[in-house]
């Protein structure tokens, strides 16, 4: 490939305030760039991305007839589009602009000014050489399908679905559990306002069910995702519920009628604190309000030999349907909102807190169920032996802020611990001891709530719990049954004493962790995870609900620990981003596709098996390989592997990269 | 421009050309920047969409042009934005390493690393580690080597041009 | 070098254009290919005067030196440059010729002799004079580089440390590739030049598509070929119809310029790459490596390495004719 | 948490002013003052300057005040604080030993028993002050002959460092003889250093006497150099600690194995001999060095469970949450000092936990614990309820042919 025409390059280096200029000598580089072949204009400017900065670029293009632009500034992932736009506005093809990243890869990571300037100079020389080979390119547009998939029916997924549906978009909401509602449905009241979680959540759940624009697929899982922005094909596995959602009227008589008179298996919704039957509904307000049959334990499903009392009572409604099978259904959507939520830290990992060993040690989620009026005890906080606890320790930071478990602060535990302290004190009058490391109460009304709880006489002890042991040494080996008082031991760091406080009950404020299958989901979606395993946003500040995969957005705690207001806010943002995408009707795709010059190709077929998108095929008539640019995603693998150098890639031409390499390494 | 002069008194520092994939490693390098992690300034990054785009020619060209090391960064296995471009690079890596070793280029000079978008710290540690290892190995400096090799032709060239001059002078005289 | 072409054009009319042929470090096959023109050689002789061809005609260096600069229409130099004598002759012919053509794989890319660039000079000499199984040289005697006798000094040409392509020593105008080039390529090239055609300098005078284009087995290559093993031609039977890559033999065809009439393939042997890469490729070995490796059928390191065991000598395989002209050119720490 | 190689390198010779030079030392700056170290420290409540405060005082430039106190004399090097620290600050490996060493230098009067123990170790190579020549006396009453390398220096597979307690202490000698029987049963090719051996200079006990520790390490290394062996087997977990974490700083890189893990590795060879049913309810005490610092939790338990009839019962504090017997870090010779401070002996506290399990045998795998718990049993008047036995003794007791 040859350079085309007379090359007139404009070079711009950005100070980025002091972000770049404090480390890299921008003036020296601008002077240096001016000496390089083809450079007509070379400038340094305070903020290239500002309006005057962009205008400077534009007026230079017009005035000096520039036909190539190099901007040395921040990461192209941040501002490439800005400068392409500015280039285009001045009448030049935007792909004649190339960016050099001297901030994220330069001034921010190097301390030695001389070396950082030297590095920047090398990178700029490379860009100035590269840009000579640039060619005008046209952006591709592909139409965007109008339906949206929302994965996960917790509060974030519900809110995102409703927002999109209200905007007139068809939403398919896929929820793994038999009901939507997520963790929020399990909570009693919510901090700091103390609204009853069910009271505010249930109407939204009902709206999902009734919304004409929402298709709710509960008890279903996304198993495969193909395609790309605007055009995703999603395979959803629908598990058999054995109760026909269309025919069921939600009378629940089948549950009553089950041959098991009492619940026998741990109830998932009550985190195992109560028992359920093989046919059950997770909780009374579940959506859809349709029972589900657990195939592991239903006698009919297991053996086929049951009196089928449920079928009998259902009568001619015929809603019980044992013929249901697992199905795989493909749907096509333009955008995907991921709202898969979180899991709670497994407290058995910390042996010295005695969870799973002493029966009076609970997780906060269990405590939520125990004080919930719809919970296993009807809202009465009772110990397993039926006694009311008189003293309770709430241990903060369980599994959080600890290099042995999770490094992060789980963000919600301080506040939910205070909420539990308040609710339990209010209902039982027990003495409450909250052991905390730092009280984290940022955000609207949070500090006020903390004040309120302190004033209510909750003992707030600043010290991380170091040990929890039975007050009376249990006789024998059977500590699993231990039910007596527990001594919670911690240093009260504010008074500098070790305190050993006997309590009837311990509540562990377990932290938030990624869902167990977050890794698989991440791979399926082709998105990234942060170090802790939560899904990674495109930019922590400027693109908090976007992912690096266009068309996939994040909502709620799958992106990181979050409280309800933040989850809802983020869900709204994700919905808006999805809406902006699909309402535009089409998306621009980077024109970085691969292409073949027909006469160069020998038809060796080496490239054909390399393409994961089957964009390359063999033209049997011409005996040459052909690339379907609509299918090509621009990875360039075939380009690198073409043995005769006959496949090229827009924006990443061999000559462009070779000239970059040569530019980087040239001794001046 | 004095800074790039090889005869400059400044101590030799290894030069690394890095090819980072847009989705994982380039982003991780951005993250290292946003997190203000400090690392050795010896690497010059070239952005490609996928490690699968890294043509072995690029690596050889970088060495031939004077790189002391070449680093290729891609997504972890199973994480490739383009399904398995990184595997294709991995396969080339193994074959190319054999060629490089046969040609006397130490394996430490060519490195393939999987660095995900969230591993800013890994960008830092890999680059620092590579700089340390290359500093230990010393310069590769292929262009200098070439010049050194070609010096063996100088004597003859000189001799011939002397003869030519003499001949010309002879004719003119 | 436009100024050097001028004299050649001047003397177009009365005399026939002069042509020189010279043989540097090569096997002689290139010279043979000239002879292989057979009756076509008469066409050539009709059109040109061969003024220098040491293998066939008794001209001396001094005769060439006596010619005016640029007076030779075209010099066809074959062989790589390994010794000072070859270097000297190349320079001389360059000076005297309007057009210099690197003729054959060795002059073009280094050829087989350039595989010596993997080894130290001393090691080569030691092997040749002392260690080769056919040599008995208990005294370890080596040829003297200079010898004085009767007031005269005889000097052996210097054996260089590096094998070079012709264009690494002198400016080259065109290349005729192949080990050896086909008589057809030679004839076509000469006739075109004689017609006054001047392709851009540096052009390789052969088709610019890879060999697969003209391969008789092209249709038998599947579109989903993944390599699970590599086989070596001497160690396995070769199907005479099926694409050699499809049989697991390393065939350089996809990475090698066509124009050879697929001679090796017709002989039921895989292409070894003598025509060099297409104009779009800088390093033929890197490219075939990239293509083959990308299509390996393995994900794990150990499985990948296992398959690659089938290519025990990748440098010798991928750079059989092109090491001197490759990006690395020579081993850094030669053996 | 096992120390990493770098951590090991960084531990040696660090002084307070160089603390932040290393990554492990600098980690102290990440302390969030959560108090877990104090809360879990078995003596935390008695210290004026427990670990958390030491860190704040250090950061505030008030460390002299800490060094002038006797808080660190109470540290029993049990690794509990380090194990639970949410910031993984290497308290027991790095910070506390420095403070301890300095504090001891400033003590007005050195506790007499401790003084004597250090002196004895220096002069005789064992804290009891026994003659070096008596070191191998126990072998005379061993059923199985024991090869002594100084007499028979042929190469050997396993060089067994017996250490002082097993060599001199009468109950320790029982364990030594039992250990020999076990080694014999698994067909081990082993030998001991004999009278040449001296205390390995274990890091826990002697960290506040680095000079003495270093002398002993130098000496031991010079002796080890004379012989050819494949591995070193150690019965004393403190010595194991020294070999694993201190000796490498002196260029030592031999394979080291605790007796329990060595025997555990050959359990299949031992099993046929364990034919006699022992109807014991056994509770096992995890020693600090073997457990928390070298992560050997399952091996001793599996050895016990290999004995027919044994029922294993766990105490409330177990495995990484075990409580120190009080003997580490010099605590062995500070009982009087601690008593004067009104502190309960940790072995007494631990014994109560053992008794609560209803066990009739308290199994141990650290020689200090023999004497500490046997004393505690006497103090508690529990001689009829529980006995203290080393795992090796229990294994031998189960030999059907005995």
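Labels for the chains are A, B, C and D, by order of writing; each one numbers its residues from 1.
In this section, contacts are C-beta pairs under 8 Å (C-beta built on N, C-alpha and C of every residue); 3 or more make two chains touch, one makes a residue touch a chain.
What you are looking at is a predicted structure, and each value in this text was computed from that prediction instead of being measured.
Per-pair counts of C-beta contacts peak for the chains A-B.
Distance between chain centres (mean CA atoms), chain B to chain D: 53 Å. Distance from the chain A centre to the chain B centre is 37 Å, each centre being the mean of its Cα atoms. Averaged C-alpha coordinates put the centre of chain C at 74 Å from the centre of chain D. The centroid of the Cα atoms in chain A and the matching centroid in chain D are 48 Å apart. Of all residues in chain B, those that touch two or more other chains are 52, 55-57, 61, 88, 92.
In chain A, the residues that touch at least two other chains are 610, 637, 640-641, 654, 658.
Checking each pair of chains for touch leaves A-B, A-C, A-D, B-C. Contacts from chain A toward chain C in the complex involve residues 599-606, 608-610, 617-618, 623, 637, 640-646, 654, 658.
Listed in rising order, the residues of chain D touching chain A in the complex are 1, 32-40, 44-45, 50, 52-53, 84, 86-88, 281, 311-314, 316-317, 319-321, 352-353, 356-358. Contact residues of chain B toward chain C in the complex are 52, 55-57, 59-61, 63-64, 77, 87-88, 90-92, 94-96, 98-99, 102-105, 140, 142, 145-146, 149-150, 152-153, 156-157, 160. Residues 208-213, 218, 221-226, 253-255, 258, 277-278, 280-282, 287-288, 290-291, 294-295 of chain C touch chain A in their complex. Touching chain A in their complex are the following residues of chain B: 1, 3-6, 13, 15, 17, 22-24, 26-27, 29-30, 32-34, 36-39, 41-50, 52-58, 61-62, 65-67, 78-79, 81-85, 88, 92, 116-119, 124, 143.
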